[in-house]
Amino acid sequence: MFKSKTLRHAVVASLATLSLSSSVMASDEPIKVGMMLPFSGVYGALGDATRNGLKMALQEQASNLHGRKIEYIEIDTEARPERAPEIASSLLNNSEADFIIGPVHSGVAMGMLKVLRGQDTVMIVPNAGAGPVTGPLCSPNVFRTSFSSWQPSYPMGHVALEKGYKKVVTMSWNYGMGKESLDAFEESFTAGGGEIVKKILVPFPKTEFQAYLSEIASINPDAVFVFFAGGGAVKFVKDYDALGLKGKIPLLGSGFLTEGTLEAQGESAEGILTTLHYADSLDNELNTQFRSAYKQQFGKASDIYAVQGYDTGLMIASAVNQLGGDISNQNALIKALESTTVRSPRGDFTFSTAHNPVQNIYLRTVENGENKVVEIAAPALADPARGCKL
Amino acid sequence: MLFNKRTERIFIWVFFPLALLMPLFLAENAFYISKMTSVMIFALFVMSLDYLVGRCGLITLGHAMFYGLGGYLFWMIAPEYEAVNFWVYTFYICMIASAVALVIGFLVLRTSGIYMIMITLAFAQMAFYFFSDSIEFGGNDGLFIYVKPETSIFGLSFFNLDDPVHFYYLCLLSLFNTLVFFRLLIRSRFGRVVDAIHENPGRTTALGYNIFLFRLMSYVIASALGAYAGYLFTLQYGFVNPSMLAWTTSGSALVMSILGGMGSIYGAILGTFVYEGLHYTLEHLTEHWMLFMGALIIAMVMVFKNGIAGYMEKLLEKRS
Amino acid sequence: MTTSLFLVQLINGLQYGLLLFLIASGLTLVFGVMGILNLAHGSMYMVGAYLAWYFVEHTGSFGVSAIISAIIALLIGIFVERTLIRQLYRRNHLDQVLLTIGMIFVFNALQGILWGNDPLGVSVPESLAGAIPLTDVLEYPVYRIFVALLCIGIAAVMYFMINKTRLGMLIRAGESNREMVECLGIDIRKLYTIVFAIGVMLAAVAGVAAAPMSSIVPGMGEHILITCFVVVVIGGMGSIKGAFVAALLVGLVDTFASVLVPQLSSMMIYILMAFILLLKPQGLFSS
Amino acid sequence: MNTQVSLDLEVMLETQGLCKYWGGLKALDDVSLQFYDKQLHGIVGPNGAGKSTLLNMLCGHYQPTRGSILHKGEAIESIRPWAFARRGIGRSFQKTNIYSGATCLENCCVAVQRRMGGNFNFLRSRYTQKVLDEIATEALEKVGLRHRRDVIASQISYGEQRQLEIAMVLATAPEVLLLDEPMAGMGHEESQLIIELLKKLRREYCIVLVEHDMDAVFELSDQLTVMVDGQHLTTGTVDQVREDTRVKEAYLGQGDEVF
């Protein structure tokens, strides 16, 4: 059917490419940083910010990389978990990335882990808070620079008790991150004698909240604790205000409720109490510097996702620096990463044995369209890392 | 009979030998192997949809339900830490999927056209939320399969599923067998009636055929094969996720099938490879890949009347 | 459930249903008259919301923004019909599906390029900013009541147009018999352009109206699209009256399911649709 | 007012008080008729007389509103449409209704295959079954289309397509043939072909013929029924009907010059 000559040509050509690609000298090669982030769709904004932060950090740290250049490979995950293993495999085997950064979405994280656990690369999660990543599925080569979903929500239980709330309604989307957040809040809140009068799980990604809010109004609890993020958070906060609950029933949340959404939420967000490992208004020099530099470079305000990306970059740079630029020994690289103390805009943090940040959690309130820090809700909080055998 | 056999033969003789030889050139790069494998698995899925939509005229937007079901079924019925026999479980999964298809087909095939599209979507969405809302099935984050099956028949084992190249050949074999199976099916007496029903249901009823039965049978066959594709997908990475059942999965399969040339069966392979190839190339080229992807899809609809397969046939006709 | 809560939920359901009607009406109109299955309809809803945000930022007035957005949507509709849809009238439904899926890709990409991926919000116009107290805790915002009334108004206008005007007569005739309309010496292509543009505009207007009470995010179109198809199919493809009844039905079922059977609430509208189609395979008001 | 004459032949098909209402419209009202084996029974009447409605019920396409249909004495009005064909009641349609994308042979094969079995044989090729082809070819032969065997149906002439449709019905080996205006839209020569064909067939089958071409009906019919406004006017031999004054009135009332 086809001419045998053509076939022979094709064979020769592909063999030639193959031998070429393997003969490049290893030491001249740039450090390859693969990114598996959503650049389109609902999570697109988060992916953008993470990438910006990461690149900014590595740019700033260029002098500490011992002459090694950075090569970025960016792939849009579209937040589709079923594509995750394939993209991860592409970055691992095809691009031979030294670091794979991602993802934002917990389902995608699970798919990536399946391929990357125990492989010859380092996976750093800059956002997805799914418990298993640094819990039962933890692995020597998997790190997280963000948080476990337990971390930001657990301290809020104590805060609620201190405020004297006894009966609380909790609410989130019905998915892993949401449920883990509610559970963490419930854990500390009920341990201190509080009562969860109702737990509402909204099908993801539904944003018709009116029916649920009407129900909450009829229960009239002491406070409401929620986990929502992105567009859903905007809609929820606006609905909460529009239906008159704001000012009558205090709204508490995992910090993502008011991250990257304040502008869209406008007045409605004023006064919401949240706990998170960061706040825009954190009063330290690094943060001020970071924020102005980010604003200058990208023309918009930074947010938590940018910080997480930034810290990921810092962490990579620090390890490369420690090893004098040679990251070919994976064990040494992992050791270096583990021992890093990241000097982050959120305050210094270290890594737990499960490779999750040990960090301060701040209590914040929204004032004049900004998250103002009220106090440190929990200093140097480590995730319990249930089920991790590291 | 819309599609002539010559183009099909040429395609088979070009595609399969190339696919057979590919691992020899690319064994070094595990990614190309696994990418090819996953495209072939999806092509198998698209093929089963193509038969249903293109040959039987039954348009469904719920086919992904069976794709996902294939994965979840394996998780449900196979022991977690024990290697089971691949062939035995293929049989189980196809049988259970068939039983499910029999029940759902019995309900949905009472409607037709756009209403059938929507009622199949309705069932698929129910299945989607069933899996994505329940903690037992891993919810939105999905599930892991820890142990891959072994493939021995009478003590002889040809494929080691942990080896990507072996798995590649298993999928290639599956794809080839499915293509051959559909060719036989289309040429069979059963296929004759199915063609007749597709072209003219009224006439076929008047000749004494119970067309519902034939449609149901076709639906069951396509669904079982769809589930088989989902089972293969799950085995490739050991990962099941509710997004396998999402309507967008059905949607993209439909797009690939239309792109390839509806009802041509081999066009499903063409459509899947072209679509996935474009997607892969564009997303590595530009962040705004969607813009180009969309524009290309629009352009292809305008140019190709019967998909790529149809276009190829026209070219061939002109030359001869 | 107490009576007052029941009444509140009833209002919630009706309001949601009315908004659904507004989005779905364009879809069913275009299908009924032209036989085109426009999957990009949800994208137009998204475009409407983004346009509303953009022009509110630039003009400061929600009313002005709404008018400009509607006009732009109308122009987009005319452009798309003239350049793309027109080529496909004689092709089968599946080619139309493929085309409109391509359009979804393009609109999503353009949204990303033009407006970025951050969630955006539009504040409620001052003149409609108040709220009416319902219970001790609960209030009902005036704007939402306004939107509900707007939806009813548009439904009434559409009913009047289709049943009493010359355009409506042509639309009804075009539905049943394309040749007949052509025999009357009317350029059916012009009719189709108008109908398609109106359909697009209705989706965009729905997006504009929804903008102040929701978040404007990428992908907002796809999610609503499926719900709209459920509405249109339950009502019977092409029937405006059917879409109206079905939208209210879906709105109420979804609202009450959320509260009464939360574990089934995500599936409830699909269960409803499957049930109705099994009883009436052509929807409630098929022609 | 059954004016039908009893014959010594077997009654193949019978209707008793058959009614079909579409909402308020009485498309067919209380029609009782008997169709005999090996006879050609013509049905005529002005437009809207209910001829096609009657035929559509005889083949199971419509469910009667009231009344019953008997096939060899058995009530069959409530069985499924496809079961009519299995009992040997075959029909042709008013508008040409064939598989226009397939060859003439293939068209007939679909018809033959139903009673030959193997319909759920998924793997055996349809192209290697000689018996089927032979029977199908025979059916084509009967209507004089043998030379068109391997031509795609959409490419033969209109008249031939009508013949093909009859061949398909014959290929199902029916006892009853329900023919809905087989000569509609044909030229004179083509009509003659069909008439010759029906002359051959009418001693083999029970044929019910609905036709507008009066000359043809008069020439062919053993029995003739006239219907007006959904009601049965009269039935008899051609000569009896020709003499019937009510028939003349009915047609004159329509302003038609028929006789």
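Labels for the chains are A, B, C and D, by order of writing; each one numbers its residues from 1.
Keep this in mind: a contact is a pair of C-beta atoms (placed from the backbone, for glycine too) under 8 Å apart; a residue touches a chain by one contact, two chains touch by 3 or more.
As the structure is a computational prediction, the values presented were derived from the model and not from experiment.
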Supply the minimal count of touching-chain steps required to go from chain A to chain C. 1
Please identify each chain that touches chain A as well as chain D. B
Taking all protein C-alpha atoms shown, work out their mean, then name the chain whose own C-alpha mean is nearest to it. B
Taking each chain's centre as the mean of its CA atoms, which one is most distant from chain A? D
Taking each chain's centre as the mean position of its Cα atoms, how many Å separate chain A from chain B? 35
If you average the Cα atoms of chain C and of chain D to get two centres, how far apart are those centres in Å? 49
So what's the Cα centroid distance for chain B and chain D, whole Å? 44
Whole-Å distance, C-alpha centre of chain B to that of chain C, is 33
Which chain A residues sit where two or more other chains touch them? 39-40, 174, 201, 203
Indicate the residues of chain D shared as contacts by at least two other chains. none
Contacts with two or more other chains, residues of chain C listed in rising order: 108-109, 112, 266
Chain pairs that touch, by label, are A-B, A-C, B-C, B-D
Which stretch or stretches of chain D touch chain B in the complex? 59, 61, 80-86, 90-91, 93, 97-102, 106, 109-111, 113-115, 118-127, 129, 168, 172
Complex interface listing, chain A residues touching chain C: 39-45, 47-48, 174, 200-203, 205-208, 210-215, 217-218, 220, 230-235, 238-239, 242-245, 248-249, 260-261, 263-267
Interface with chain A, chain C side, in the complex: residues 2, 4-5, 8-9, 12-13, 15-16, 108-109, 112, 116-121, 123-124, 131, 133-141, 143-144, 213-220, 223, 254-256, 258-259, 262, 265-266
Residues on chain A engaged by chain B in the complex (per definition of touch): 1-2, 11, 14-15, 18, 22, 39-40, 74-76, 80-82, 84-86, 89-90, 92-94, 106-107, 109-111, 114-115, 130, 132, 174-176, 179, 201, 203-204
Residues of chain B that touch chain C when the two form their complex: 53, 59, 107, 110-112, 114-115, 118-119, 121-123, 125-126, 129-130, 133, 247-248, 251, 254-255, 258-259, 262, 288-291, 293-298, 300-302, 305
